[in-house]
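Pasting a structure here, questions to come.
Each chain gets a letter, A, B, C and D, in the order it is written, and its residues are counted from 1.
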Amino acid sequence: MAGSSFGTLYRITTFGESHGEALGVVIDGMPANIEVNIDELHTELLRRAPGQHAVHTNRREDDRPRILSGVFEGKTLGTPICVMVENTNQRSGDYDKLKDSYRPGHADRTTMIKYGIRDHRGGGRASGRETLARVIGGYFAKKFLTSMSFYAYISQVGPYKLEKDVPHGTARGEINIPDETLTNQVIAFLNDCKTQGESAGGIVRLSITGVPAGLGEPVFDKLKADLAKAMLSIPACVGFSLGSGFAMTQMKGSEVSSDSKHFGGMEGGISNGEEITMDLAFKAPSTIGDKAKEGRHDPCILPRVIPVVEAMAAVTLADHFLRQSAYASFLPSDKDQ
Amino acid sequence: MAGSSFGTLYRITTFGESHGEALGVVIDGMPANIEVNIDELHTELLRRAPGQHAVHTNRREDDRPRILSGVFEGKTLGTPICVMVENTNQRSGDYDKLKDSYRPGHADRTTMIKYGIRDHRGGGRASGRETLARVIGGYFAKKFLTSMSFYAYISQVGPYKLEKDVPHGTARGEINIPDETLTNQVIAFLNDCKTQGESAGGIVRLSITGVPAGLGEPVFDKLKADLAKAMLSIPACVGFSLGSGFAMTQMKGSEVSSDSKHFGGMEGGISNGEEITMDLAFKAPSTIGDKAKEGRHDPCILPRVIPVVEAMAAVTLADHFLRQSAYASFLPSDKDQ
Amino acid sequence: MAGSSFGTLYRITTFGESHGEALGVVIDGMPANIEVNIDELHTELLRRAPGQHAVHTNRREDDRPRILSGVFEGKTLGTPICVMVENTNQRSGDYDKLKDSYRPGHADRTTMIKYGIRDHRGGGRASGRETLARVIGGYFAKKFLTSMSFYAYISQVGPYKLEKDVPHGTARGEINIPDETLTNQVIAFLNDCKTQGESAGGIVRLSITGVPAGLGEPVFDKLKADLAKAMLSIPACVGFSLGSGFAMTQMKGSEVSSDSKHFGGMEGGISNGEEITMDLAFKAPSTIGDKAKEGRHDPCILPRVIPVVEAMAAVTLADHFLRQSAYASFLPSDKDQ
Amino acid sequence: MAGSSFGTLYRITTFGESHGEALGVVIDGMPANIEVNIDELHTELLRRAPGQHAVHTNRREDDRPRILSGVFEGKTLGTPICVMVENTNQRSGDYDKLKDSYRPGHADRTTMIKYGIRDHRGGGRASGRETLARVIGGYFAKKFLTSMSFYAYISQVGPYKLEKDVPHGTARGEINIPDETLTNQVIAFLNDCKTQGESAGGIVRLSITGVPAGLGEPVFDKLKADLAKAMLSIPACVGFSLGSGFAMTQMKGSEVSSDSKHFGGMEGGISNGEEITMDLAFKAPSTIGDKAKEGRHDPCILPRVIPVVEAMAAVTLADHFLRQSAYASFLPSDKDQ
C-alpha cells in the first residue's frame, strides 16, 4: 500500500490525514546550497488556502509550515527536508454523521474496501487537504529550476470558457482566471451553485517555459507520461491532454505538423525546448445538496487547484532535470549536431 | 537515462531499436505455475503486426517471439521471463536519407539533443515497433488476471466517430471499429489519406471489466494515475480521460453523481468494482507527403494500437493486483463493513 | 542524493539532523488494522537512548515520539505513518569549534565534499542519533510480523568475547551482553576507555526466529543481500557475516553441510524456515582523546546499537514478508511438495 | 518476486536459467557515445568461464555474447543494452536424478517452497551460471568509469592464506592468487578436494582505486551498504567486511584512527577518495561426495568468482557515480573548502 512517494532522484513522500495531527512531506534528493525562505513557502501555501474568496469554502486554514530538517542557516543541506503543517483548525465533530455513510464519488467506500478501516473525518487521506504537501514539494523544486516558469490558469468552469489561450504569465485575477469577463461570469455561476447545493468542474491550462530540450526518459518515463501521472494523481483530476490534445484527433497530419505548438513542447516524449502546454480536466466535487449548502466545501476546486498543478509540474520537472543532468558529462560539447 | 521499466511488483523492462538485432522484454515478478503458450503469444503479437489490412503500411513483420527464460515445460517459474523478437525484415538502407534530417513531430531531433547520438533507422528506440514488447508484457499479465477482461476499440478517426459507447466485447471488425458503417467510412477516409500523403489521428475507448474493488495506491500511485502514465507512454498518445472525462467538466455535481458510470470505475483513484473506462487520444502520424505515399508507414496507427492499449492496461492492473494482494491477509474477512 | 528510503512495499524514509528541529520517519506500506501503542513505542526508543548506563555518554535524550499521521483511534490506517521526535536537548554551542575542523573517521570531510555544505553540529545527518528513526520503523514492522522474534546481543567488545552463541532470548543484562562475567569485564574495560579518552568496537550477534521459509527475491534482493545492506547502512558497521560467516571459509564442504546451522537460516538467499543468524562488526567510535573525555560521546556504541540492529532486521523482513505475500494466492496449496 | 534488477540510474536486470534457452542482461541507464567492443566483452566473459584450469569443473562453456540492442556502429546509444548468451552446451539429461531430490545448501528446497515449481536442471536460476550476466553489466560500467580500477584476488582458500595484502594490480597467476607459493599450495589442496569429493571456501580481497570522493547516498544507500548488498547477492557469498573489517572490532579508537586505510576508503559511508578495500567470504560449494567426483562442479568457486566480484563493484560504482553526477552543477566550484 506504499504509494505516497513520487519521483526517482527528486522524490517527495507525503503523509497526513485531513483531521489527523499534521500533514507534511519529506523531500529527498534536494540539491544542497539552495537558499530557501520560510515566508516565501508560507506565501505559496496560502495560494491554495481556502477562505480567500466568497466562492470558496468558508473554512479557514492557517497552514503555517514548519521545516523540521534539511535546511541550515537558510540553505538546503542536500539531506531530506521534512516540512509539516499542523491541523489546528479541524472540527472533527462535524463529520460524525459520516462515520457510517459512504458519499458517492468520494473515496469513502473504496477506502473501506481497500483497507478495512478509515478515518472518516473530512475524507482522511483522500482529502484535498493532502495537496498542501505537494505545494511544499513544488516550492523547493522551483527554487533550483531557475530557468523554468510554471503558469497555470482556469480556462473553463462548467459551460463558461476562454476563447483562446492567454500568454504565459498573464495576470490571473481573483479566482485564477486571466480574463475579467469570464471571472465575473464564473463568480456568478459559482454563487448560484452554492445557493443550489450544486458544484462545478472545469479545465486548467498549464504552461511551462524555460525547459531545456532533452528531458524525459524513453520509453516509459517519457516527460508526457510522468506529467500525466503527476496530474492524474491530483484529487478530482479526470483528464490530461498534451498540447492541442483531443483537438488533435481531428486534425490531419499536415495540420498537426503545420505548427509545432500542437505538440505541446515535446517530441517523442522528450522536451524540445519549446513551451510545454497541457489541459487538465477536473470533475465537479461530489459534495452536493444540503451538505454543500453548509458552506464548508468548495463548490468548485479549480481556483485552489492552480498552485497544486504548478507544484506537481515542478516536482516532475525537477526529477527529470536531475535525471538528465546525471549524464551531462557524457554529452558531446556541441550537443545539437 | 534509465526509463525502460514499468511497474513495481509486476515489472516489464523493454529493449530494442526498430532496426537493431532484436526487440524484447524482461518480465520480472510474474507469478509461478501459470500455464503459457507460445502460439497464443504469437497470435497476440500478430494483432499489432502491420500488413494485415489495406489501410496499414505494406511492410510485413513476422514477429516470431522466442522465450529465453522463465518458462519451463509450459509453466512460468516465477523467475524473469525474457522474450525476444528478431528484426528479420528491416530494410535499413531505406533510411539512409534520414541520417542527417530531423522529421518534425518525431523524436529525431530531441533524441539527438538528449543523447548526442541516435540510430536513425526507422525511428530507432522511438519507433512504434517498440510496442510489441509491451504486447508481450500484457500477454503474460492477462494469463493470471483471470477475472479481468480488457477490451479496446476505435471510437473515432479524424472526423468520423461512434455515436455512443458499445458494450464490452462487441465484435470489432477488420480495423478494430465495432460498427460496420463507421468501419467503411474510416477505410475510405484512410485510403484517401494514403493517396494524398496524409495521416489521421483518433480516439481509442478502453473498457476493463472484472477488476476487484480496492486496487490503486493513494496518493501518487492511484489507479487512474498509473493508467494515465501507462497510456501516455505509448507513442503518439496525447490525451487520457477517465470515465466521462472532459465531458464531465461541463456537468454539475448532481449530474456527475447521477450515474456512477461517469467515474469510470474508480473513486478516490481506487477501483470500485465497476467497469473501468477511459478514452485515449492519438495524434496523426508525422510522416506525411511523399514519404507517406511510399507506403511503408501507417496513415493511422489506431487499428494497430488497440492491442498495445489493452496490454498496457493489463500490465498496470497486474502490478496493482499484486500490490494489493500483499496485504490480503491483513484485511478483515468481511471487508465491506 | 536521495538515499533516505529503504524497502519496496514496507518502506521507511527517515529525516533529520542531530541538532535540527526534529528527526523522524515516514513509514509507507504499513498494513491497516494493526493496533499500536505510543507508550510501547516510547519504551522501544528508550532502549537506544543514551545516559542509561555509566558506560554511555552522559547526554540525555528524552526522545518522546509524536505520531503525526497514519494511526486513528489506536489502529493503523494503511496510510503513511509519520513519527517525529523533537530535538529538545541539543546543545549546539558545544559544537562551534567543529565548524572548521574535520574529524578523521567521521563523515565531516566527505559530507563537505559531497554537498559543499554541512550542519557541523554533532554530526548532522551522519549522527548516530538518526538511528532512532529506524527504531520507530522497526517497532511498526514487528507489530505485524507476529510470528517472528528479533534478538540481538553483544558477543564481543574489544578483546573480550563470548565463548559461544547463547540461545535466542537469553536475558541480556544491563549493557546487552547475555553473560554476567563478560558484562563485568566489558564494563571495566569501557570505563578504562573513558578515562583514557579511548573507544572500543565489537561484534553484535543477531538471531531471528519464526521466519517462514520462502522469503527473499533472487537474484539481487536475496534475503542475505538486503539484510547486509540494512546492517551496513548503520553508522560504524563495517562487517556482516551470515551464519558461520568468515569461519565457514576454512571449512570443507562436508563440514559446512554437516550442520544446517552454518547456513544461517537461508539457502540460495531464501529463508529456509530455520533460525536466521548473523554477525555484525562495529568499529570503535572515532571520537577519542580530550574530546572523548568530555563525556558526551559513547566510548562504545554497541550497547545502544542493539535495538537498531533488531529494528533494521524487522524492517527488512517486513518488506520481504509482504513481497512474498503478494504471490500467496498463486502457490499450490501444499507448497512443500 | 521481482528481484532481478540492481541499481537506480545504472540498472541491470538479469534473466535466465542455467539450462534454459539463454541467459542475459538488460542494462538501462548506460551513457551514450561510449565505444564498446564485442571481443573485449567476450574476453571478460572468458575470465569466469569454467574449464580453464585443472582445478575447475571440466564443463566447457563457450559463452559467446550477442548484443541485441543499445549499441549502434560500435557506440552506445543511451538506450537499453540487451546482451544474451545462448545455452548451447548444457546437458540437461545429467540432472534428471535431481528432479525429486533437494541438495542441502543449494536453493533446491527453498525455491520449491517459494515458487511451488522449479527448473531442477543445474540449479536453474540459482546456478552460478547466472553471474555471467553480471559480468556483462560490469563490462559496460567499466567502459565509462575511466578513472577507476577494479582489482580482486584470492587471499585465502581453506586454511591457506596470504600473509598480507598485495598492491593493487599485482599479477594474479593462473587461479587468481597473486603469490606463487600460495598458488601451488591451493592447487594441490583443491586437487585433493576433487579426489575426495570435497569442496573448499575462502576469501576474496577487492581493491578499487580512482574513485572520486563524495560517492554514496546517506543514510541507506551509503556506498558500503550498496556494495555489501551487491556482494551478498553473489551465490555462496556469506560475508562482507570493509577495510580492516572484523579485525577492527578488536582495535581501540586510537588504533583505528592511526591509519585511514582501516576505513577502507569511506567515511560516513561516502567515498573519501582513497583506495576502497573489502573482504568477501565464500563458503565451500555444497556439492560433495560422489556427485562432486564426477567433475562437473567446481570444488572451489573462488578462482572464477573474481571477475564477478569486480563486475558487481563496477555496477555499484557506476550507479553511484551517476547519482552524484546529477548534482554536479549545484556544488560550489571549490568543493573541498
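Everything that follows uses one rule, which is that a contact is a pair of C-beta atoms (placed from the backbone, for glycine too) under 8 Å apart; a residue touches a chain by one contact, two chains touch by 3 or more.
Being a predicted model, the structure only gives us computed values, none of them experimental.
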Where chain A and chain C overlap in contact partners, by chain label: B, D
Farthest from chain D by Cα centre, which chain is it? Let me know. A
Taking the mean of the CA coordinates per chain, how far is chain B from chain C in Å? 45
Using mean CA coordinates as chain centres, what's the gap between chain B and chain D in Å? 38
Can you compute the centre-to-centre distance for chain A and chain B, using the mean CA position of each chain? Integer Å is fine. 27
For chain C, residue numbers touching 2 or more other chains are 1-5, 8-9, 14, 31-33, 78-79, 114-116, 125, 218, 323, 326-327, 330-332
Sort out for me which residues of chain C touch chain A in the complex. 1-5, 7-11, 13-17, 20-24, 26, 28-33, 66-70, 72, 75-82, 84, 114-119, 124-125
Can you check the complex and tell me which residues of chain A touch chain B? 1-6, 14, 104-116, 125-126, 130, 156, 158-159, 193, 198-203, 213-222, 224-233, 235, 237-246, 248-257, 260, 262-264, 266-273, 281-289, 292, 299, 323-324, 327, 330-332, 335-337
What residues of chain C sit close enough to touch chain B in their complex? 8-9, 31-34, 78-79, 144, 218, 322-323, 325-332
